[in-house]
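Once you've had a glance at the structure underneath, I'll fire off some questions.
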Amino acid sequence: MGHGKDIKIAQEQFTVPAKGKKFAMIFMAVGALLTAVGFFTMKSGDGHHEATAGGHHATEQHAEESHAEEAHAEESHAEEAHAEESHAEESHAEEAHAEAVKHEASHASADAHHIEDHNEPTEAFGPRVKYNRKPKSKLTTFLTSLMVNGYFYLLIALAALFFYCVQFIANAGWATVLLRVPLAIASFIPYAFILVFIAVLFGYSDIYHWAHYNHLGLEKGQEGYDKILAGKSAFLNAGVLLVVPAVLVLIYFLMGRKLTKLSDAEDAAEKGDTSIFKSTIKWSAGYALVFGFLLSFIAWLFIMSVDAHWFSTIFGVYNFATGWVTALSVICLLTLFLKSQGFLKLVTDEHIHDLGKFMFAFSVFWTYIWLSQYLLIWYAQIPEEMIYYQMRFENYKINFFFNLALNFIFPFLVLMTRNGKRSRWVLGITGSIIILGHWHDVWLMVNPGVFGPGQQVGLLDLGLFMLIGGGFVYVVLNALTKRGLVATNHPYIEESAHHDVGV
Amino acid sequence: MIHDSIIRDVLVTGNKTPSDVTKDISRPILNKPSTAWKIGFTLSLVFLGIFALSLFNTLWVGIGVWNINKSVMWGWDITNFVWWVGIGHAGTLISAILLLFRQKWRMSINRSAEAMTIFAVICAAMFPVFHMGRVWVGYWALPLPNAFGSLWVNFNSPLLWDVFAISTYFSVSLLFWYIGLIPDIATIRDKVKTKGQKFWYNFFSMGWTGSVRSWARYELVSLILAGLSTPLVLSVHTIVSTDFATSVIPGWHTTIFPPYFVAGAIFSGFGMVATLLLVARKVMNYENYITIGHLDAMTKIIMLTGSLVGIAYLTELFIAWYSGVEYEQYAFMNRATGPYWWAYWSMMSCNVLAPQVFWFKWCRTTPWFVFIMSIIVNVGMWFERFVIIVTSLHRDYLPSSWVMYKGSLTEVGLFLGTFGIFFTCFFLFAKFLPVINMSEIKSILKNRE
Amino acid sequence: MGLVDKGLSLRNRGRLLVGVFEDEDHVMAATKALRSKGTDILDIYTPYPIHGLEVALGVKRSNLSVVAFLCGMTGFSLVILMIWYMYVHDWPMLIGNKPVRFTPSWVPILFEGTVLCTAFGMGIIFFLRNRMLHGIQPELLDDRQTDDRMVIVVEADNNVDEATMLQTMKEAGAVELRERIGGVQTVL
């Protein structure tokens, strides 16, 4: 094992191999084609809308809101009455209660169609539940898909940089031989963000229910006034949506730049000079801090606010878990690709094994976070929270279980064995499935909230995923050519080259 | 050949050889107890006496001697339960998660941290058990047929999940700790002189000889147990958090509770490990084994988990506002500015602000300072549980049930008394078992971290 | 192959050659040298785990992870069965409008039960396989083999001649060479 091997640390200069170029090109071409086909074959707005588009919007929305508000008011009246009565006549209160339960139960049995056909909230999950079923134009569908895909790649790039930083903060040596890979992935941060930004800039009043509501400018007491959304308007408004994530990503981007510069400086420095290493640790800690504290804002603004009435405190952590495990898989796939092309000679099965361990562990971690959110919401059955899973469980049942199968069951079973984690084939396939699975996870976080029931992953989504993915590969491979592939002056390079996972 | 980077510090200072390690670490076991040990042990027994008195009062008079006949029915007792369970997390965390992450510095501290886990879980278990009131039918918490007087247990209840989680955690931790102890017990077995000692160490060493094949299996089993214990550690405090979070009490029902409780548990656990080891290192002269480098690493983890807890506090506050649910908004407003504001701000300053001093190297590497900080951390974590339980319960949905709560003398006594249990166990452990994992330390004498 | 690893026992062995070492690098060197000469090493005793020594000795990777997996599956099934029997079949309880069938609220207990069965199942098999039992008398070759000395044991009826074996160990850095017949050791 680690004993007695003599390994020479040598610099490698990376040039984009023909296979890499071809892969990126084909991915982009197929992606573009699928996007175009998807866009033009899409039935605009899923069935029944054209007529109600535009001016009708507002009134429809009005009706919905006011109804909800009324129902809410009624309920609270009933509650008060209930409380008063319960002191006076218990039996009466009980009767009333029983009635209410019956009422609820009858509605609970109503199926999704019933909900869709009548423009009224479902009583079973409380009066405030309503589906935002504004008809969507093709452009909205496109922009939503762009937002989902851009956000997905943004998460990957940010989390990859986080991976880079974690190695420094944790004083870890094993990954030193492949550190240039996550660093290169981080170079995609600005591109991904620009895509999200474009999508949000042009589509925000259609993607975000609250943005549409803000446009109406309703005052308290007016028909259609929504107390909840009005209360959130200090946070959910165009200014915050466009400025806060932009500022945050700018900070992340600049810190990524700084870390890249530091690694270049390290390459140029004398051997044995650890001052750059030390300042890299400091900057890494800084990035981890802003990333950890502020990633939630991006997740809340872009993704959670799609379901504007809904909220969940774990949502930022959930997005982190999704991005993190995807980034690990991307790092693993890229490393395997580089190895297959004869680069990264210092990377051995031991490093690959460790990446596999990480993918396994954080797939389980993702599931843990997923379960924490689902279990608690399911258990407490509070209408305001149930709305999220009600929509996804009732109308997206296949996606709901598909999500768990791809992101938990498959990687869990396959990567459990030692041999699975050491086989390049198995890791390649599992990594791809994890990436697809979490892409679908992000899709599922957004689309039901925007479109209501009846949407499905389409050619457009897949096309954009591939189109941007091709660009991603292209950018990352190019970033790898800018500097040596091996951090030869890194103080831990020696021990990383001799890395041995042990038992 | 060892390839550890030379810029890393050595793990064990003082150029120790394997036989030095055996001598240093088995000294307290082979010799008569020191004065410091005797004083400490006597003091622990005093606290154990307080526990016995308080418990007698509780059982003789009834659960009414606790100040919980009001809407704050969980009071000090569940606060203490969660606090002790939290402390019980660092041990398995250090030996499991740090083993998976191949952090070799864990080897100096994992043994005592695991012991601490086991004792802390015992302390924790006292509270829910006696909180049941009729403790003599406590076995109803087990899945027993209806004929035993209870019904079959309710598998949907987080309290039952707790029964399973805590007992599994306790027994698996005990197994993990014991398997790790066997080679060291064998070492002691081959050193002790008296017949009684020989018998007992021989009994517990299970015939260990140190064959390479045994070691290979031992290492594999340690790894698998670590892999099992890691999700187990997370699950235990997750389940403790669901005791609160599955309910519909504002301030309790929030989805971030599971990971946030886990982070808090690790935070307080490391606080307690630091407290104990700083004393042990001084009293038992283990400065070469528990080095400044260990303090540095531990305090970094304290800072990290403190910050994670801080993120959770701020997220809760923000989402309470964002949710637009007036009950949530009130609950958090009441925490920060209501009658228990002092508890909330103690929690905030001890858990979130105070650990930020560990950004500075001096603070991480000065033993007396770390000692004070470690106590602050544990005070802060106690307040966290107090805030969660008391401030959420003392304001009911019905304003007529609004009350103020403070622990009764018996509750305070029980809490202080658990320190008696904890330290009595710990002193006995330090007398009869090696406080540092000798065999692991011997394998890393030349390594650096 | 029985459950207990019989190779761990020194009972009923013929003449044994024992080499005592005080440095892990020397043991490693001796092991490699002996094996390269075709000697079958009976066992090596070390006070602490030495990485790579089991590989040098040619010990096969233990199957305890498979055991753990099987125990885990058994535990998982048993807990499902338990909850189903008690909660669905025998005496369903309707509390808080939770359905009487598999729900997410089964997950915590399922997980705990699985972990419990895995850990203890594997632990017990580990003890048995390692020939470990409370109160069993250890067969020690050196009273410092759990302290700081490493011991290589070779059976004398090997296909390599005795003098070469002893010479190899001596060259690798053995501090003492002994022979052991019927439990009695004499220094060579």
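First chain written, first letter: the chains are A, B and C, and each begins at residue 1.
Note that a contact is a pair of C-beta atoms (placed from the backbone, for glycine too) under 8 Å apart; a residue touches a chain by one contact, two chains touch by 3 or more.
Small disclaimer: the values here were computed from a predicted structure and weren't measured.
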Name the chain whose C-alpha centroid is farthest from the C-alpha centroid of chain B.
-> A
Once you count every C-beta pair in contact for both, which comes out on top, A-B or A-C?
-> A-B
Kindly work out which chain lies most centrally, taking the average of its C-alpha atoms as its position.
-> B
Measure off the straight-line distance from the CA centroid of chain B to the CA centroid of chain C, and report it in whole Å.
-> 30
Averaging C-alpha coordinates per chain, one finds the centres of chain A and chain B separated by a number of Å equal to 34
Distance in whole angstrom between the CA centres of chain A and chain C is 45
If you look at chain B, which of its residues touch at least two other chains?
-> 219-220, 231, 238, 242
Residues of chain A touching at least two other chains | 2-3, 375, 379, 502
Would you please write down the residue numbers of chain C that are in contact with two or more other chains?
-> 51, 65, 103, 105
Residue ranges of chain B in contact with chain A within the complex = 1, 3-5, 7-8, 100-102, 219-220, 222-223, 230-231, 234, 238, 242, 245-248, 253-259, 307-308, 311-312, 314-316, 319, 322-325, 449
Enumerate the contact residues on chain C facing chain B in the complex.
-> 5, 7-8, 43-51, 53-54, 57, 59, 61-62, 64-65, 68, 82-83, 86-87, 90-91, 93, 95-96, 98, 103, 105-106, 108-109, 111-113, 115-116, 118-120, 122-123, 126-127, 129-140, 143-148
Residues of chain B touching chain C in their complex?
-> 17-19, 22, 143, 146, 151-158, 160-161, 164-165, 168, 171-172, 175-176, 179, 182-183, 186-187, 189-191, 202-221, 224-225, 228, 231-232, 235, 238-239, 242, 438-440, 442-443
Which bits of chain A are touching chain C when the two form their complex?
-> 1-3, 371, 374-375, 378-379, 381, 416-418, 500, 502
Interfacial residue positions of chain C with respect to chain A in the complex | 28, 51-52, 55, 65, 69, 97, 103-105, 107
